[in-house]
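After this come two complexes, each holding chain A, first together with chain B and then together with chain C.
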Partner chain A sequence: MDDLGTTTPTTLDTLSAEGTPARWWVAPLTLGERMAGPILGAACLVVIGIILTSGSYLSTIFEDILIFAIAAMGVDFLGGFGGLITLGQAGFVGVGAYGVAIAEVHGYGPWAATGISLAAVLGLAVVTGVVAVRVSGITFVIVTLALGQIFWGLGYQWTSLTSGDNGITLLSSPSIGPWSLSSTMTVWVTTFVVFLAILAVLLLMVHSPFGLSLRGLKSNERRLRALGYRTGLQRYIGYVIASFVAGIAGVLYIFSNHLISPATLTFSQDGFLVVMVILGGLGTIWGPCLGALVVVMFEQEISTYLARWETLMGVVFIAAVIFTPGGIAGLLRRGRLALTRLATARRRAKPAGGPAPAVASATAPNSSAGDALDAARTRGDGDAARVTAAPRAPSEGDR
Partner chain B sequence: MTELIVQTFNGLTLAGIIFLVSSGFTLIFGVMRVTNLAHGAVYLLGGYVAYSVVGDHTDYFFYGLAAGTAAMAGLGLLMERLILPWLHHVEMAELLATLGLIYVIDDVSLAVWGGNPLSINLPGVLGESSVLPFRHIVYPNGRFFILGVAVLVGVLLFAMLRLTRIGAIIRAGVDDRDMVNALGINVRRVFTGVFVLGSALAGFAGVLGVPVLGLYTGGDTTILLFALAVVVVGGLGSYEGAIVGSLVIGLVDTYGTAYFPAISYVVLFIPLVVILLVRPQGILGRRVMA
Partner chain C sequence: MSGAGVRPDAAAPTSRPSAGGPASPPTLEGREVALELDAITCRFEELTAVDSVTLTIPAGSRFGIIGPNGAGKTTLFNVLSGELRPASGTVKLFGRDVTRMSAPERVRLGMGRTFQVVRLFSDLTVRENLTLAVMGLSRSKLQLLRPWRTYRVHQALAEELASSFGLRDRLGRTAGELSHGELRELEVLLALAVEPKVLLLDEPAAGLSPAERVDIQALLRRLDPGLTIIMIEHDMQVLRGVVDWVAVLDHGELVTQGPTAEVQRHERVRELYLGRAAAHDGAEHLGSTTS
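== the complex of A and B ==
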């Protein structure tokens, strides 16, 4: 405690300046943190290399992972930041895929079909959004679930348009010169590029003023409204963005799988996307990608050894909801905090002075660690601190 | 006209089944604030259990009804005692856990009863049809029976909620849970009782629904959709709202399937859209969720 009074100014200084040398003492940790990006990137490159050199089976699985990751990131954008969890996201994936297939059946070229499909997704999102964002919380989940089922019902029942249960096969894939999506490798690379682009855009959006106000919406809508935000409009825009992202995933889905049937729009698919988000980590954008990896692995790999993989996945999911509300991302964060505490303790054991205890007192004694981290991450952006820090209840952050 | 009358009867029968399911759903939500997405899966499992009891002996139908109801009451007890306590009344976590439970229940059902559609026939006179006194409409007795049972259960539940002490506690729990607790009533036991009752209603409906809707993988999603549409239309947590909502959804779905088969799901969505635009809390719902 004695160091607290003397070093308080230092604390603020060290936190306000991003990545100051004051944190040098946590060298192993900061190094790990700094290297996380490059290491992940390198791992990605290795994986890409393996996929490109191996047979097409693995690349198909990774395509699925990336496509579902895109749709799941949309769910996370709306759910993790706006607090609106949708159980109808697979419906929009279906609209995107059906849009392309149906437009091609009616004689449009693949590029035109893609445009028509994305326009249709946007149109449907704009229209259904008006109804869906009238409610929030549990009722929003229920309404989007119903909406997703209606898209499924259309795919299943409107046989003159969708061929019903059999689904529609893709007629042709788009191409620019030699870059044709009819080859497996180009589909893979394209999917990967689109995935990275959407990941980047969503991450930017989450840290934009709009994304931060979405977070405020999740924490305390009434207060945000009192501050003069039009919360209904925010929810609406968030919903349209999330749905449109799902539509993009749908377009990629049809170019990758060449077949769209109502099976892709079932309630269990809607549920899978939410499972991905929760397993990966709600409110992180990148977490759901890990979730998508896990779920697709269950579906494609574990299912070959275990017929009852869905039971196992359900149990794992329930356990995750109970024990690790933050998902895989939350586990990683918890592990990192434990390491920080360990390092702090070791540092404190040594008699050396300097700015070290200052940083330690800023993070370690705070028991609601997630909030401290969040606050630290968003600090530097005045708007962010105002919107996120004030109304957030300690336990709400991870849900 | 004859067609319309028959469809109306069909719609009322469907409304009866939907009412049994959604009243359980809405009671659980109203008292405990638990959104039990696995309610549809419980409905389906009730039917499967009854199938195992009845098999080809249609005379055993009522044993099947009892078995399905009792088994689902037991499942409800397990869910309420083993899973929900871990979630500390966090509404979204409870919803998500029941979502996971759907995968488990459905997958186990698939493992035990296989993926082929099954059916149970009603016994004796109930399995036959009779000619109605007007317009010489031939209509199966079983559907009238199912409708009658649904009405009877609805009246009994209503009487229980309005006239008995337990009903008063449940209604008070819907209005102000903390106050009920403060009055010295064991809310924990009330919760368990309501969850068991709700699950038993789902199982009961699951058995009664088999002769009308069949027993097939994925049937749980349809019935869940109906129940959710009912609570959105009628008002989440409102028992009377479940009655009104069931009538609306049952009739609209039946007419939709009969007259616009290609887009019946869209037709089903119309009442939802109207309600959400005009009265987002549902016809008989109150603005308590914030």
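== the complex of A and C ==
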């Protein structure tokens, strides 16, 4: 099939109507409301920038949030889209960090050590992936857990290489001219840039044909095979990507913390990564970043006031799973829909002498509400479909 | 796309010999053999689900497989599509031995299928379902850094498929929102999207209302005459409207095969469907739904 061919105007029209996820909820908003998102986003970036460059304790916490958010996004890529929840990603964070530290101990420069580390992560992902993707479902979870524990065991017991429980200290950081990762501010900025880059790449990937096939894999693997997809290959590529992303987080971790020990590879770290994903919003990529924010704040801030912070975090996690199954991202989505409904109702109420909202909805399925409904359905958003449902125009497909 | 082509008229039954017994194949009359099953046996531990079944199905055939529940029909389909490997025997697709090939490999060689229980991507939209299907044979399915919506040819194909069977206005809906009849249609469309030469339909009319049965029957009759269709169906009315040759399975064995009308009159078949007493009472109406 030729992928780069042209299409009919009808196809283009449909694409433009359905292809812009933002349009359906932005359409009913006023200019001020439309600008609220970008302004809020820009304000967040400024605040993050100030925090990162302040050199305060908060900036250190923020750096950890970004690093674990990177690893959690990898978990979400595989779990939220491919349906393969992995409990071994902390192992790859560890491999990334140990890779740099061990290579430096063996005389390699920081850039070479970074390259060696990433190559080691990729190599191990490629090798372990052959084993891991042979299974799916709960067996996959257990296999990845076992692989993660193997990495932890090696870090703990292979003392000649890893210094065991004491861990390894980073000897030097890479630099380009005046831009050196030995400076805390440079590390923070680098971490932030890498975080944004990985966020962008993963978002691109989940909207790619491969990302669509990952969603198909999660939805119905047997059907996907019956359409000619070698689902083992889909799983394998997804696993390697998620593991490599975790490895990048590990490299940033060692440049940020200057020490790597087996504590970073423990089962609880694997668990925290999964909690970040579930709490933030499975299948969103950006949601786990919010999950990382919550978990790291619990780990590093609330723990100073409350000894049993893990118990409290467990309660929060259970409450979140019960009351907001979509996580924080789901909560935000609901808020956004409420805002849209409010704006729509306000706009309908404005025209004096116009038709009543119900009549307008019933007689104008192509209105903004109708668009909102169709687009919401495109995105599989049942809430929107229920709330703003308008009658569909009859067509030849009706029976 | 071959699968989406409108079939002007159901292929007239060829002059095939009457069902002379389990081993009598339809006459090939110089036609290419689409599918050849040689002594296929499939076991689940002690149970022999398919027992030495031999069939030859010419290209362009409309071939039905019937039998009571547990006869081994779906197991035979799973062997044909590559989801199950037979304990013994061979499967040839257009003369090529595919017995050891996986399901995706067989799809690439021209085999499409539907399932007895509807298997779709229920949380994906109809557009996404069809796009996944049309990308099944494309190398672009492994593309990582380009949005799938920008593949215009695939999008056009997906829309063409949806339009051809009245699902165009459902493109933005998730599959889970469709009626059962639409789900069945979408499932057939997914199978057609991989441009099959042999289409396996596992009870495409199961669970449909009478009106929806008429629709699905019309859909199947409009398919490209060059497409080989093998269909499991309990509803003899639907079956009669689509296929012209039927094989009957019972307890994994091939009981008989022949033109649909003849097989309906076969005493053993009437026993299987109506029970021995009813069959001997001269029940002539093996017509409507029989299970």
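FYI, the second predicted complex is superposed on the first by the 294 of 399 C-alpha atoms of A that agree within 3 Å, B and C clash if a C-alpha of one lies under 4 Å from a C-alpha of the other, contacts with A are read in each partner's own complex, and residues count from 1 in each chain.
Note that in this section contacts are C-beta pairs under 8 Å (C-beta built on N, C-alpha and C of every residue); 3 or more make two chains touch, one makes a residue touch a chain.
What you see is a predicted model; the values in this text were computed from it and never measured.
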Next item on the list: Report for A:S219: first if it touches chain B alone, second if chain C alone, otherwise both or neither.
Entry: second
Note to self: Between chain B and chain C, whom does A:L227 touch in the aligned arrangement: first, second, both, or neither?
What the structure shows: second
Next item on the list: Once the structures are superposed on A, label A:V296 by its partner contacts, choosing first (chain B), second (chain C), both or neither.
Entry: neither
Notebook entry, point to check: Given the touch rule stated above, what does A:L66 touch, chain B (first), chain C (second), both, or neither?
Noted result: neither
Next item on the list: Figure out whether A:L84 sits in contact with chain B (first) or chain C (second), or with both, or with neither.
Entry: neither
Checklist line | Which of chain B and chain C A:P209 touches, first, second, both or neither | finding: second
Margin query: Which partner chains sit in contact with A:L145 here, chain B, chain C, both or neither? Use first/second/both/neither.
Written below: first
Check: What part of chain A is shared between its chain B contacts and its chain C contacts?
Finding: 222, 399
Checklist line | Of chain B, residues touching chain A in the complex | finding: 35, 83, 86-87, 90-93, 95-97, 99-104, 106-108, 111, 218, 221, 224-225, 228-229, 231-232, 236, 261-266, 268-269, 272-273, 276-277, 280, 289-290
Next item on the list: Would you pull the chain A residues touching chain B in the complex into a rising list?
Entry: 85, 87, 130-132, 134-135, 137-139, 141-143, 145-147, 149-150, 152-154, 157-160, 222, 266-268, 271, 274-275, 278, 307-308, 310-311, 313-315, 317-318, 321-322, 325, 399
Checklist line | Of chain A, residues touching chain C in the complex | finding: 1-8, 10-12, 14-15, 18-19, 201, 204-205, 207-213, 215-216, 219-220, 222-231, 233, 237, 374-375, 377-378, 380, 385, 392-393, 395-397, 399
Next item on the list: Over in the complex, which chain C residues touch chain A? Could you list them?
Entry: 81, 83, 102-104, 107-108, 112-113, 115, 119-125, 127-128, 131-138, 140-149, 151-157, 159, 166-174, 177, 181-182, 190-191, 193-194, 211-212, 215
